[in-house]
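To keep things simple, chains are lettered A, B, C and D as they appear, and every chain counts its residues starting from 1.
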């Protein structure tokens, strides 16, 4: 039986629906030691900013029940070093690349998108409008991210869309009351897809020292712990937006991935579970194929949003 | 060394800061088989409605990584049966009682509070304005709970306050962008305390059957999985409101409880972890006392909000 | 009264493909336990899995208990990896036992698949307290899924085997086998297995006018009546509730009480 | 290249109160491993704990490795419960090893507490590749926390003991002991232990003008350079980064590279 795993995410053709969460896979090189990363439907790279960023002070991560908190603070090599040092590896492998970008202003997002396209640094853009780790946790209330304001989401999306012909995905935060609002705003702004979800705000305190565990106090919660929340949000958005969704949040295996697909995601990303199991994403691809065979589904596209209510 | 564990939660004197999450301890009787429930600072009872409720159809719960989803749908015996069949046990044991109430309208909340006071059914009222399981998940967007609207929180709080002289705590949902807003609204409405957090919306899909796992599709996520989120929200609210907080969300042991206290909670509730370890709340009390001895703290009140930033 | 105790595993064996029997040393629980009750097992240390797993008491000894279980998911898979000498945290006994009533003289136990688990203890109890030997219907999908059959023969029970595919015993459903045994006055039926099987068994008993006690399953969190997660719809109100808790009001119910239409 | 493998535990023992040595059969990892590298251990099946735990390679054998660890929290507690014959999922070897440079003729290893863990492999390697015998300073809070001391004597190393409370060896800090040994030209120092100890050791070496290689610790998620969780501040840019990754750029660093002021 031949199974079609190929999906089209708003113009980005992926040979299978599996990518990785930005920031959980570096720029692909490390995990290529464990499996051929060109197997992936796409490699999503760590958020790129125009200038290199050193990120937050350590400690930057802590394990939590079935998950982890991170406050990396978008440490990254910056666009130039990415194009020079990291991109050649991915291109030489023949990887499809989703270029995740983070800007300090709308203009920076535009510039990043423009340059990634011009220098063939990515095959699609994922705009991270939702990183919880770059605001001052001590004062921020409700942490004012772009993705928390539907108006700004729309405005930013439109601006990025004018800067590039590449498919543009908007990455949303779960730290909102109704995630359908920013999703609809992204769609209205012309986005080609929605990536969801980024991490949930969280924190931990060491009772013995009475100090916050993370130097940044607050971090983003990821991992299987948040999966039920992510699946629910994907299901909500899939009911109201027509553009495709890249679903993520705690995916460890093909069964988890199937939950997102059945809820309405066209593609899925394996995030921090790779830290524990570096070839997890590869196993998900294999597991999805096996699922299709077991259920006699010849085209995985038939399963998107196919939850039976 | 003699340790004072007594706290005053907006007028409710608790001999120690430990209560239980509404709906995770029944009406006290079952877990009295495992430890003397009169040890608790207070017993918080399952949400009471005016009429008995049968709740949602099964399946109503499913385990998730480090947590669980429930969609019980507020099944409860109703106020009359509570006063007749459940209350005598708690009173005879000498328990301090937090009467959690759920109404279909503001008037019902008022009626419930009034009758609980009149019939000495509780020593404080906890108004559940945040149950995620009583709305139609298929259509609800952002699930319109009272606790999601600061205006309604204020209005409901004021109304309940006019109906009773008992301390009134408002139980908030984490499914908002900025939980400080409803917390401030409750304070403005005259609340004597904030209970937080209720469960986070979530869902699960069985990939083999392609059906939602819960008959209600959507349920509330609780357990250690959500603890980092809850601690962060308590810390946020403690910075902005003056009334005391009863913190909860994934507390399993005294270390977890200490995180909430250090973040600013005056009291804590052990929730669904009791399902696994019925005497967990009792162990938390013991552990808090040991913590105070180890750290040479004679009064636990000194630890409230004592995180060192 | 239920106990919570770390119990040494005194034996743990695969008894059929994918089916294991675990024997634990648990004198207190054993002293209180009755056929039809269950325990909540903590499968591993730490928070994974988060909840305990309910398992019927298969047999009750002077100083311990046995469980007979089928590996169906993560929890039971991890359980099956535990070895003799390790300890397992067990809460129990929980729930209502099978009623044993001297006024009946024919006892038919109807088991579907792993629904056999609580019946060895019940057969023991019937023999011991009434001096009678029950008949047992054991139904399963295929021969491989039939477990316990030899144990009952050793107890002197007449055993009727049925498989969906005819690979062993009769090719029949459990309820059809029951019908053929013509339950009549003086007969009492006990059933445990998948919901459709128990529903059909209930119908046969209704038609024959004989009482039927069914041991139900439901997803459980607390196992002790607190969370209301295991509720099933009843035909009558129990303690002013129309939803009954499998863990506390059951797992054994007079089948008349269950609202079978919802299954 | 790092491997991921289920490795049989061939021996597992408590070597001092709260300290254990685990030996695993892992020929592939052993073949590639070098002193100073580490492995990521999956402590239990399932999702608890969620992350692997980093452990230095204590010793490298033809067909396996040993780890020497201290029980400090849930992960190491669960680890300590694993028994010989069970398998453990291990990822490794990871990170940069200790450099072994023939131009030095005096090698001083400075260990604080469980920081002793990577040194048996290093002492082996120095003896084997250079034919020289390192000196070892072992410092700990109290006598009970001193581990490994006999192992080094068996290797013929001169061992200098120090405790904070004077309960064994000298009442001194590791760095003070080092100073007394007068490291001079031709000396190289290797240090592993708590950050303040390594900072002080670095200062002694700076003053003496001798190179110092420190093996750092940090909370790790991936252990493989991906998550950037283990970053520490550097004095120089490595691959255009001022933050260096303990797991990938280290754990062994020339102490001059570390921005000790932030500790």
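Quick note on the criterion: a contact is a pair of C-beta atoms (placed from the backbone, for glycine too) under 8 Å apart; a residue touches a chain by one contact, two chains touch by 3 or more.
Fair warning: this is a prediction, and the values are worked out from it, not measured in the lab.
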item	value
Centroid-based (C-alpha) most distant chain relative to subunit D	C
Averaged-CA centre spacing for the pair subunit C and subunit B, given as whole angstrom	35
Distance from subunit D to subunit C - Cα centre to Cα centre, in angstrom	53
Centroid distance [mean C-alpha coordinates] between subunit D and subunit B, Å	46
Residue numbers of subunit D (touch at least two other chains)	47-49
Per-residue overlap in subunit A, given as positions that touch at least 2 other chains	64-67, 223-224
Touch-based graph of the chains, sorted into line, ring, star, complete or other	complete
Of subunit C, residues touching subunit B in the complex	1-2, 4, 42, 47-52, 91, 218-219, 221-233, 239-243, 248, 262
Complex interface listing, subunit C residues touching subunit D	44-49, 74, 78, 81
Contact set on subunit A toward subunit D in their complex	23-26, 30-31, 33-34, 46, 52, 54-55, 57-68, 70, 72, 75, 77-78, 81, 85, 223-224, 252, 272, 274-279
List of subunit B residues in touch with subunit D within their complex	65-66
Of subunit D, residues touching subunit B in the complex	47-48
